[in-house]
């Protein structure tokens, strides 16, 4: 059977501060510049979720897109949307919320929740000029 | 010689109904919801075609983009554009036209027509929030 | 008080056939070409709704965007999304569903429903290359 | 001489909280929902600036785009980018930072700074689904 | 009858040099910087054409989009696409090809060719960050 | 440690002529059509740069995006932006500037300059309908 990858985009708006609490304020300022503003800044994030598998011959889908949507909203979007990802999300507590760190934490929640369907890539876009991709390696 | 992948986007507008004729109307309605509307709905589809190969040292192309365009228009776009993909396309007869099923059928027509150039990926976008990718596996 | 215009985008996917029932099939075919396919085709439509007014000093909004969303979904989107606009929508019955005719019929439903807020423009996009604007004139 | 309108887009990323300090916390929560999160959320804002005038016959511009850029960066972008617009910007102190209120305050700074060139419209986009326009009325 | 505005986008790729031949090389360099490179640079231009009028009750269009396309291609696109607009276009001879000057020259060709339909706005986009609009004033 | 891929987009505007100097003018005209215009044409190019690696536990980045930006601007963007890539760039001298050939030459400069960080893909977009990808194979 053909193996197809299905991509679904979801969006959220959040505040964050790039900050490593193990370092001094001065060191944080030096490393992260304006992204370290103690009063936060924020982004319109886009999260793209890729699930790969055989096409189910009965429904013609690899996975119903509404299933992806429900799982990703429950596990990630509803918990980070209109939130401060440094302060408001228990499972991000103590995490320096760079796009890299966020995408790995999102993977840890989405991959098991979507199984046995196979999550193959997460793409997290922070601005029109930058995004990260993670495939669980 | 360097191996480069060339992507060309083409577009078409079509009507469809997500429907498995082997199932009852009630079961189709339950599985596919509003996508099963018996009077059809439709989309602006985007098809992205990736061909990979060595750069030809004479022309500096992997493949002339106009060659991709002509083949994909002849094999797919001209046959589905402004059509009902459930009713109007002989080679889609009996196919439940999910994005997954469409992309595999498109591959079966484009891959041999474009050979010996190597089709490596098809990406078929149905809305701004979802698309599928197929690499012939 | 400052007069500001607020724009909200909504989307729907629909099937249609450009067809004037007062004309012969041959004349329709001549006038509308592939857009006249009797088996329909379809689009991802984008509707942008502009409301103009003073900023309410208590809430800081001209109008809550969720109010626009609820009214436009109830009056238009929920009735045309995943529908055939020639067949499934009573208030479009007998209308040749060109983008121009659709935008005027949408105005006739949204403008009174959103009053006393002032609808100033509707923009209806059919493809990435064409859209229409209507301001009630 | 021909009158042409020149548009320049600039971007900034900021945190905010939609909140009217004259109202109770409960009332703010009721009016603004998740946009009232006391720990802030944020956006990738896009500001489009329109200047209208005659084409200068020597330079062929209405106004050099780098002049627009320098003025808008100095007056607005550099002061709000990677900032919390509720806390970090003196000239927004006490303002409920809805998109409507922001665009008017931006106008008050840009219009005199860009004179004698004529600012005719500001467009401020908060998400891909909503933006506001202000023309100084 | 309702007055609707129809917009059609067309694209072209061209080389140009921002240069006023009445000025010295040094003055051109000072005024236009890198845009004055004597060996040219180039852009993917987007031209959006707006025609306003009553909806024709027989066809349901203000104007057939294919009519706009044919006229604008004949009058402008086919003459500037893959061209050097300083060197290759007789009706741009001696014009300093700023976006402002181009849009006015395009208007002078499209407006009479599209009459009696009423051209109301041309929008010419040079990059994702800047465009100009002209309405014949 | 998690392996994440970071993408950064940069843009430049350039003139070019698709032309193989080893062939006759007639043969060039036949092979490359309007892209062979001797007076040049041009594009708004987008270059996307992907770097893959472990997340640095101190900074939470694979690589600071400003490091990518500085290196790619120094090695490529500043040398091709607002330039004629056939005439103005010593390290492109004699290269037929197809998108394929450009992306390979860009790789040869960026990959060593960004080491020990690992450049994994370059994507070079010429128009909204076509782009190429190169991964150093």
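Here the chain labels run A, B, C, D, E and F in written order, and each chain numbers its own residues starting at 1.
Here, contacts are C-beta pairs under 8 Å (C-beta built on N, C-alpha and C of every residue); 3 or more make two chains touch, one makes a residue touch a chain.
Computed from a prediction, not measured in an experiment: that's the story for all the values here.
Counting steps between touching chains, the shortest path from chain A to chain D takes 1. Of all chains, the one whose CA centroid is most distant from that of chain D is B. Mostly differing positions are employed by chain D and chain E in their mutual contact, as under half of the interface residue numbers are shared between these two copies. With centres set at the average Cα position, the gap from chain B to chain E is 34 Å. Averaged C-alpha coordinates give centres for chain B and chain F that are 29 Å from one another.
Within chain D, residues 128 each touch two or more of the remaining chains. Contact between chains, as defined at the top, is found for A-B, A-D, A-F, B-C, B-F, C-D, C-E, D-E, E-F.
Those residues of chain B whose C-beta lies close enough to touch chain C in the complex are 11, 13-16, 34-35, 37, 39-44, 81-84, 87-88, 127-128.
Listing the residues of chain C that touch chain E in their complex gives 18, 20, 23, 31-32, 96-101, 103-104, 128-135, 137.
Taken in their complex, chain F has these residues touching chain A: 2-10, 50, 55, 58-62, 65.
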